[in-house]
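Chain nomenclature is as follows: A, B, C and D, assigned in order of appearance, with residue numbering initiated at 1 for each chain independently.
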Amino acid sequence: MIKVHLWSGLRRLAGGAEAVTVQAATVGQMFDAMIAAHPGLEPVIKAGVSVVIDGEVTAGGRNLAVKPENEIYLIQRVKGG
Amino acid sequence: MRYHAVGSFDEAVRISASATGVTRFLAGGTDVLVQLRAGIVQPDDIIDIKHVPGVKDITRRADGGWDIGAAVSGVELGAHAALCRDWPGVVEGMRLVGSTQVQGRATLTGNLCNGSPAADSVPGLMAAGATVSVTGPEGARVMAVADIPKSPGKTNLKPGEVITRVHLPPRGANGGDSYLRFIPRTEMDIAVVGCAVNLRIDGDTITEATVALGAVAPTVMLVPAAGAALVGSTLDDAALDALVIAARAACRPISDKRGTAEFRIEVAGVLARRAASIAYARAKGETA
Amino acid sequence: MPKDELKAGFRLVGTRPNRPDGLDKVTGRARYGADIVAANMLHAAVVRSPYAHARIKKIDASRALALEGVKAVVTRADFPTGLTGEDWNLQENTIAGDTALYDGHAVAAVAATSALVAQDAARLIEVEYEVLPHVTDVDAAMAPDAPVIRAGNADHSVPEGMHPNVVRYIDFGHGDIEAGFAAADLVREGTYKTEATHQGYIEPHACLGQLGADGRGEMWVCTQGHWYIRRMCAAVLGIEAANLRVTPSEIGGGFGGKTTIFMEPLALALSRKAGGRPVKLVMSRAEVLRATGPTASASMDVKIGMKKDGTITAGQVNFRMQGGAFFGMSPIAEALPCAFACYDIPNLMHEGYEVLANRPKAAAYRAPGSPMAAFAVESLLDEMCRELSLDPLQVRLKNAAKEGTKSSYGPTYNRIGLVETLEATMAHPNLSAPLGPNQGRGVAAGFWFNHGGETSVSLQIGEDGTVGVSVGTPDIGGSRASIALMVAETLGIEYEAVRVNVVETGSLGVNEPTHGSRATFASGKAAVEAAESAIKQMCARAAAEWGIDPEAVEWVDGAARPAGENAGKFPPLTIGEIGAKMGGTGGPISGHHESVPGGVGASFGVHVVDVEVDPETGKSTVLRYLVVQDAGRAIHPAYVEGQYQGGAAQGIGWALNEEYIYGADGRLQNPMFLDYRIPVASDLPMIDTVIVEVPNPGHPYGVRGVGETGIAPPLAAVANAVAAASGARLRTLPLSPPKVLAAIKAGQ
Amino acid sequence: MSRIHITTTVNGEAAEFLTDPRETLLDVLRNQLGLTGSKEGCGTGDCGACSVLLDGVLVSSCLVLGVEVQGKTVETIEGMATDGALHPLQRHFIEHAALQCGFCTPGILVAAKALLAQNDNPTETEIRYWLAGNLCRCTGYDKIVRAVQDAAAEMRGAA
């Protein structure tokens, strides 16, 4: 199981918890499992979020591996100049 | 648009008088081309006066005054050592117009005819008591620089009239002038406030003083009360305070993207005091 | 950390060779957007709305079309319908539909045989408008009585009952905010405002587009990212991406503003309508300022709790940002996490709103959102340090985030270099320079994430052993040089033997633009991977030549060599020798790499500025400026310094004089460099730099990316210095002389 | 609109062109003579990217009409290197990394050359004020000023 930390706005769509725990080996599976558990998350995830794995802002790779020992945060999608 | 490179002012006036559309005279072009580019003006005839004999000349008259041709650029004005010695305030006003590149082209005449209340060279000319020779369909006349501006972007020149020469009076003994402007950056801005002071002294006492302000009213203007505040004084604090009050009292500015009315009034006083001090030091021969 | 120590072992990385494109750029040969020409080319001009908000009732182009030389006019009717989301945003911004949404919004475009004829024709296109109420200020746009710009744009996040112009709401935080404030000795709050500013690149947008009736086309364009141009143009025009080949010109500055489209589809649409003739479209400066993407304007509340010893116990922000009349364009999502990113604070609360206003569609601008956030937070911190008589740098050091700190936006930081950056700042001589009357010193810190992004690079070994590298990230500030340095270092060859080319969309896989400070990080990392792949192939060729196992070959100093005694005794085969024979040993050798590179490392900067304020006019003069920033590693230190200095200069402009000024009529009042006042040479002192190097473990040479962080601290640093010099604490930018003078007088 | 025939000298070579009187010298250089080294950043004399020498005087070519250069001499960035040898300013700009995007560079080089022609040892302040009409958005001007100083020193024989 992996633990995904949510920002406050997402918590309201996922039952109020600070984090959700899902079974997943990749970012894509993680998203799918989160949406299955909390359908309200779908539009937000589909619109694009940034996944921070062990402190690093990754750029939307669904195939990126996630492991139980990773620290995983979702943050609003970040753009650069 | 038709382009005319004329060989004389008579020819310029002839073309202008017979033109049916919009006409512009072209000297340095640093305002006209910007207006052209922005679509503000679309002339049918543009009359280039730079080929008229004498328009690039700077000559000292027999009375000690100066005649400056209509197409003399800022660079050429600044390179004339004797003129700079006589009228440093007039020259420094012109030299503040635009960039080094603009200085290669821009002229006193153009700055005056553009009619901007913020024109940097105009307060200095007014304070110096400069006049201009004008020629037009109804003949030639001489006008005071102070009588040229009418309202923002407009002058009292009649249709078809063109300025052919700027005249500065003889500097005379113990005189000094200066020009200061306020801009938010160090260069490349239009004056938010401009102030020129021209004065003469006898010993330590000011005997004549003329103050002109820019960008604080619909036109550049002389402020007789500000000059009067200095006359008879030794530029002591009381005189400077009176100058500041008189300068500020004369201001009728607007608030716009370049500064608020309150700011302009306040800074007009500050610049008047600073410019008077420089002019006074120059009159005493203390600074260049 | 001494720099030489870090450099140990590198032959080229960290040196300052001449950039490969330098000769072209000092001789005028380099070709920028407007320099591209094609045979049989037409010129275009755009008709733009003079109103901030107006219904377009009728467009009559008959007089324009009757003009000799006019070949085509396009309006929205020439574009496909049914687009959604960001594609619709892009199309709507390219050319207005029913409604012009801001002053300068494109309404029609015309192509003609010369630029002058096109401009004449544009003036002949008659547009009938019905003027609508407008709003340009962010707070006014949220007010109950504000005109609705476009209903139904808000997403799920916006709380019930808010004005329809509020389209996004973000909130996050951790700890117990009230307990945090309760634990503080001093709690202060303030409201801060920044006006919109423009990237101000000196090169106006320019493109040359050609599109045939068969849907195939080409485009030459100045852009930070030509795959973005391809995707966006294809979407707006309803054509297939692969059928549009996009070649980037040299680019005259971007700073984020050239990561998207503004007028490029117009050139293609005109070309299609004019029988496929190429169409050149070049913006004027006024068009750039009115109708391309400045950054957002912001209104920000900040509240901070601090103990007497400087420990920050709690921080709270509420930001409102408008990014024009389009959803998703403000950098609210970036500003919020940047607000307290520099600090280790146990109790934090962030809230932010995105608001629509009748302004142009904002684009990215160098560390989007971070400068505004830093202005608000670093200004208030400075006030509190003064109130508690604490040294502002010591307070920042005391609270500095480090490896293992839970960041303000949630995740735990990896190895970061803020502490080293603060220590280097404190050691700098500028901190002890004496200050005279009316002079003051200000400091501020700043943060940026940096970015990896989609990247594709290919590398070719030449027949003479020289190496070509094809990258998809346009070179704005010397990235060809830095990439060549890393490739040459990796291959063990001379810098001059590597030529880095920025290639068109047909030559590589998809690349994101040069944005997010990523060119040296991402294209550099991919180029190193591509070089490693080529090395493997060259080792295999050598192994085959020698008849030994490829594993027994190693690559040292630009040549394949047997790895150790057991591998056999063979003279080294240089890259030149392998290249010369490759046609007969298996064919061309090239390496390539495609990925979304991980390992991005955040970077922090600290700025120190000394300012003198004229107490009679409110004018500020920058006397001294210091930038200290963690680069990870500086591949080409001269261009790293250049990024630091350039970021500082833009930030100084933002702080002192730059702003979008709208009239009561909603029209932009200063669409010229005359009144959009970017710093000129005489406005600035020399800008001192210190490159801190805390290598990023996620990059083969330790790069973090240096382009963006440098614009985050200056706004607050300058405001803090002005406060120190004059006693005037301004919470609204810019610190223009009228405002400063009024504040000085109010304080007297 | 009738076009006017103009003969002039550009970078030491005779040149002629037909121009609409509304076209600027910058338009003519770029579009008719193929000299695209001079850039348009503003079209209003505020950025200096179009700087050229007209009869030896530094001007913004966007503020000169093409018809005005009849019989005059024009020097552009393309004429700055002579016989294949870079001008010391050009060399020092490359060596100092005094350009990033490079778009303002031609105008700055032409302007700096005009400065050094009349002042072989300018102070930092003189350089900054001379170049105030040449906007650069990338560099913060630091390396540009240093490159001009070093080129001046080399040209004086001091370096």
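By definition in this document, a residue touches a chain if its C-beta (ideal position, glycine included) is under 8 Å from a C-beta of that chain, and two chains touch if they have at least 3 such contacts.
Here the structure is a predicted model, which means the values were calculated and not measured.
Chain C has the C-alpha centroid lying closest to the overall centroid of all protein C-alpha atoms shown. Ranking C-D and B-C by contacting C-beta pairs places C-D first. If you average the CA atoms of chain A and of chain C, the two centres end up 26 Å from each other. Averaged Cα coordinates give chain B a centre that lies 44 Å from the centre of chain C. Averaged C-alpha coordinates give centres for chain A and chain B that are 67 Å from one another. With touch defined as above, residues shared between interfaces to two or more other chains in chain B number as follows: 37-38, 186-188.
Among the residues of chain C, those in touch with two or more other chains are 199, 255, 284, 673-674, 679-680, 682.
For chain A, residues touching at least two other chains: there are none. Contact annotation for chain pairs lists A-C, B-C, B-D, C-D, with touch applied as defined. Partner chain C is touched in their complex by these residues of chain A: 5, 7-9, 13, 40, 43-44, 47, 52, 54-61, 64, 71, 73, 75-81.
Partner chain C is touched in their complex by these residues of chain B: 37-39, 182, 184-190, 192, 256-260, 262-263, 266-267, 270.
Those residues of chain B whose C-beta lies close enough to touch chain D in the complex are 1-3, 5, 26, 28-30, 33-34, 36-38, 46, 48, 50, 73, 75, 98-102, 104-105, 186-188. The residues of chain C lying in touch with chain B in their complex are 119, 123, 284, 286, 616-619, 656-657, 661, 669-670, 673-675, 677, 679-680, 682-683, 736-738, 741-742, 745.
On the side of chain D, the complex with chain B involves touching residues 1, 4, 20-22, 24, 43-46, 48, 51, 54, 57-60, 62-65, 67-68, 70, 111, 114-115, 129-134.
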